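Here's the structure we're looking at; comments come further down.
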Amino acid sequence: MELGLIGLGKMGFNMAERLKLAGHKVVGFDFNKEATAKLTQTGSLGVNSLEDLVKNLSAPRAIWIMVPSGDPVDQTIAKLEALLEKGDTIIDGGNSNYKDTQRRHAEVTNKGLEYVDCGTSGGVWGLKEGYSLMIGGDKAPVERLRPIFEALAPSPTEGWGHVGPSGAGHFVKMVHNGIEYGLMQAYAEGFSIMKAKEPLGLDLTQISHIWQKGSVVRSWLLDLTAAALDNNPTLAGLEAWVPDSGEGRWTVTEAIDLNISAPVITESLIRRLRSREENNFTDRMISIMRGAFGGHDVKKA
Amino acid sequence: MELGLIGLGKMGFNMAERLKLAGHKVVGFDFNKEATAKLTQTGSLGVNSLEDLVKNLSAPRAIWIMVPSGDPVDQTIAKLEALLEKGDTIIDGGNSNYKDTQRRHAEVTNKGLEYVDCGTSGGVWGLKEGYSLMIGGDKAPVERLRPIFEALAPSPTEGWGHVGPSGAGHFVKMVHNGIEYGLMQAYAEGFSIMKAKEPLGLDLTQISHIWQKGSVVRSWLLDLTAAALDNNPTLAGLEAWVPDSGEGRWTVTEAIDLNISAPVITESLIRRLRSREENNFTDRMISIMRGAFGGHDVKKA
Amino acid sequence: MELGLIGLGKMGFNMAERLKLAGHKVVGFDFNKEATAKLTQTGSLGVNSLEDLVKNLSAPRAIWIMVPSGDPVDQTIAKLEALLEKGDTIIDGGNSNYKDTQRRHAEVTNKGLEYVDCGTSGGVWGLKEGYSLMIGGDKAPVERLRPIFEALAPSPTEGWGHVGPSGAGHFVKMVHNGIEYGLMQAYAEGFSIMKAKEPLGLDLTQISHIWQKGSVVRSWLLDLTAAALDNNPTLAGLEAWVPDSGEGRWTVTEAIDLNISAPVITESLIRRLRSREENNFTDRMISIMRGAFGGHDVKKA
Amino acid sequence: MELGLIGLGKMGFNMAERLKLAGHKVVGFDFNKEATAKLTQTGSLGVNSLEDLVKNLSAPRAIWIMVPSGDPVDQTIAKLEALLEKGDTIIDGGNSNYKDTQRRHAEVTNKGLEYVDCGTSGGVWGLKEGYSLMIGGDKAPVERLRPIFEALAPSPTEGWGHVGPSGAGHFVKMVHNGIEYGLMQAYAEGFSIMKAKEPLGLDLTQISHIWQKGSVVRSWLLDLTAAALDNNPTLAGLEAWVPDSGEGRWTVTEAIDLNISAPVITESLIRRLRSREENNFTDRMISIMRGAFGGHDVKKA
């Protein structure tokens, strides 16, 4: 079937390619003209305006948005609302906050359009391995988009599903990313402990490969970690600085709102925050307190 | 080659079977005569005394101990020292504390025997999928045992390795289990958050299956979780009570000894401790404090 | 000076009394007619409508709101706006979220009234010991209210201050309560550890009293704890169940918004959430996973 | 009464002074001859050998050890055992691990001497305000030393107590210090959050003083913090680097051994470990994982 695709970045471009390989017609837009030109070269159609995007699709249209969460999504929807017709569907495949999604669903369907949210996991590997898709929204448009989901997913029957009403897809993706934070932190702590046990002279790369087969901790993240250690066994040149892109902190505040204790996901987020605090004020407060009651030496900057 | 195997429990029995299928001769001992009889029925040799075990193996012997950590290992070693000859090797394949392993290595090698430690992961699935083996000890005995490791591992070249001197195998297995605690807690928290989001009516079983393919959080633990949810989607009949068997707490104290901060592995252990605290005293202390300063109502038992 | 006081609950009634003892004229309103009658009996004036409250105060009026945070504050403000005159001041002395306070300040001042926020600490002890007051808002109304603050505070020059613009008072009070969560959890954990060390037979009440004098951990919370243990040394009859009233979770989400890592305040909140989770789903998920990979026994309900 | 005092450092010297002021005769020893000379100048007796120390005390003697925990305590005891007589008492007033204390008690009493452990809190302020004393050991020697405890404590009837058998004093002091870690971390986090809320322009020094009176978080630690902020309101010149001296990590491992969940004390320790990890390996591991699955940019060193 036909799909409009807005946003030809790391994720979007690969998704277009995977859809094309499955026989779908993709019309792609991006503000970056190099990206649209490149898309055309690969055999899909890259266009340089949303008007052209809409014009090149037959009704009822399906337009997949793959842009940064927040304002860019709202702005894109506003423009599309002016161009689309009753019965057309907008799919937000990015990492939007599910509350925004529910608000947008109400607004968009109020105008006679359909609105579907799709949490999309798989990163840069999705082109080859397929994307895990967590889909929220009304039944009819989700069903109509089935060929797209079957093509993007690892297989037509695996790795995707309609998980609930509007917002459910992004909610599940949010939790997925929260879990991901916890998994990464658990592995990273384990490797740090092994590295610190200097008398044993452990080879972290070797161990990561051993664990890939037969161990209880084997996982795709471990596979990637082993490959990364092959390339850079000492993590040379990397800063101890970890950003977070939203879903982790949303998971944490959602857990609190739901009165669910989630210490490990929370702590994983807190450690990322900590990694970006320079000249940590909390530690300096403790240092000055120790000096105050115990006469303990404090380390001077 | 020939291998003596002491301990025919859940793990040991399956290991004997996997070795036999690979063409090795296994002589197995257990205090449980049903287990030894059953071993004989499967085509290996079950014996009812350590003397018989040793007698049925040609020198230089290799005897794999698969018994609960702690005293049972020391007692088994003491008996074996009286029966074995110079050049024979004892392998501890259980979850011993690596410090005990290093002590035992010194004692056993002092008597002219060899001592190898092997962290063994794979649980009840090892028979079919192979075991992940993390091996510590001196080079010569480890090299001599290569055929055994190649047969137990998922493949001759994968899932096993000689990771360092005596104790290194058990150290790496300890950290492996510490990571495992963190991974389990991360998944469990995520599923709890989704369950609590009642208005979305999420189907945890469905989601676990979606994530198995293409998602960033796919793993063997997730595969098992999905299968477990197939059988028991509401976790009916389970108590919210989680034991811990040693490696987790050893990892935590080792991290502290090494001055490495490992909050997620630590918190995962703490939550297991918490699960077993009934009528939690800490919470009651906080309750009485709140009543004391704020006149807040406390919940009466 | 004169002060209108809305809300004659645990906190409000005592504040009226402390103000009266300092020579101020308090006109108090509450929906509860028993409370207003009781106020009149103590020598202040209790009234049964906001109209009467306003009528009994001379302009420029100062009206202190001491009602539950959230809608009750907005509803009270809406009614007062209809009754008050330009130059009158509303003071919110409750535990409002500072963001609500900033919004209300904009709305109220837009109508020619003044709006001051005052974080009020001290609990049921404030009548006798005075209240700690953290005040936010514009300079002029705060300065005009100085006699009220001096009377409510532990002393005219101690325990109160104008900490910043609108919202600053409630922000500082919010953080105060976040710290309070951490302090309580730290003490409670320590007492739990001592209680669990059964062979030493420690007397928690005795220890709490020892620490009151000369120790590094002496504090007002400890004083209250010692008194509470005098009354109930085994915490008999208390449920291990701890509510949270908002400021703790606001502190945690604020820290995240500010990219500040605050693990101990966060963990203190998480433990309160945990105290209210019955038949903990996270623990049951871990239990089922352990059964799945290791064949470990799970505890049946 | 007479007391021998070994160790005239920060704590020991002040204790000698406090005892002298209460009318006791103190004979003090330190390897540092300046310290012993200074002690003599203050009116007590400083000596330069343990022989002289013992010689200058009448039997039954009481000798208080105030030296760093670990080997120095064992070495001092060994020397004293050779010099003392049946019925003499050794008091360990330092921060020894309670397990060492119990071992030493068995050894020392086996030789006919008495052994008392005393957890001593109060830091550099003890001279003026008195020390909080948590005492463990047998009843007779503790009772005999009562005049010493009454003089060191804040008052004869407050701030000290015999809390249990040998080791109990050091156990309670260990937990005291664990709580202290948690309290400090809670305050420090709160101040960090307020500092980060830049638009409010909060004055941390002012707030610390406000909270000293009437607030729920008032404490001696807060008093010291307020004084420290008076001197250095921006914590200028301090490194974000916090040591830990043993009791905190002992508390954490003890809690684990007792199967008590103590997340806040534990996390407070973990943050101290974190403060000393440079170029944090865990964070770099997470960074490389993010790059591996998501193509996320990593920050280069």
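In order of appearance the chains are A, B, C and D, and numbering begins at 1 in each one.
Everything that follows uses one rule, which is that a contact is a pair of C-beta atoms (placed from the backbone, for glycine too) under 8 Å apart; a residue touches a chain by one contact, two chains touch by 3 or more.
Which protein is which chain? UniProt says A, B, C, D = 6-phosphogluconate dehydrogenase (Decarboxylating).
Everything numeric here is computed off the predicted structure, so don't read it as measured data.
Peer 1: Would you say B-C or B-D is joined by more C-beta pairs in contact?
Peer 2: B-C
Peer 1: Which chain's mean C-alpha position is the greatest distance from subunit A's?
Peer 2: Most distant chain from subunit A: D.
Peer 1: Would you kindly give the rotation angle relating subunit A to subunit B, two copies of one sequence, based on a CA superposition and rounded to a multiple of 5 degrees?
Peer 2: The best-fit rotation has an angle of 180 degrees.
Peer 1: Provide the C-alpha centroid distance between subunit A and subunit B, rounded to the nearest whole angstrom.
Peer 2: So the centre of subunit A lies 33 Å away from the centre of subunit B.
Peer 1: Calculate how many whole Å lie between the centre of subunit B and the centre of subunit C, each centre taken as the average of the chain's C-alpha atoms.
Peer 2: Roughly 48 Å, centre to centre.
Peer 1: Between subunit B and subunit D, what distance separates the C-alpha centroids? Give it in angstrom.
Peer 2: 39
Peer 1: Which subunit C residues reach two or more other chains?
Peer 2: Within subunit C, the residues that touch at least two other chains are 123, 185, 187, 189, 192, 196, 216, 220-221, 255, 259-263, 267, 270-271, 274, 282, 293-294.
Peer 1: Going by the contact rule set out above, which residues of subunit C touch subunit A in the complex?
Peer 2: 216, 249, 252-253, 255-256, 259-263, 266-267, 269-271, 273-274, 276-277, 282, 293-294
Peer 1: Quick check on the complex: what are the subunit A residues that touch subunit D?
Peer 2: Residues 10, 123-125, 184-185, 187-189, 191-192, 195-196, 220-221, 224-225, 227-229, 232, 235, 237-243, 263, 271-272, 274-275, 279-296, 298-301.
Peer 1: Contact residues on subunit D for subunit C in the complex?
Peer 2: Listed in rising order, the residues are 121-123, 126, 129-134, 136, 153-155, 158-161, 163-165, 167-168, 171-172, 175-183, 185-187, 189-190, 192-194, 196-197, 200-203, 206-207, 209-222, 251, 254-255, 258-265, 267-268, 270-271.
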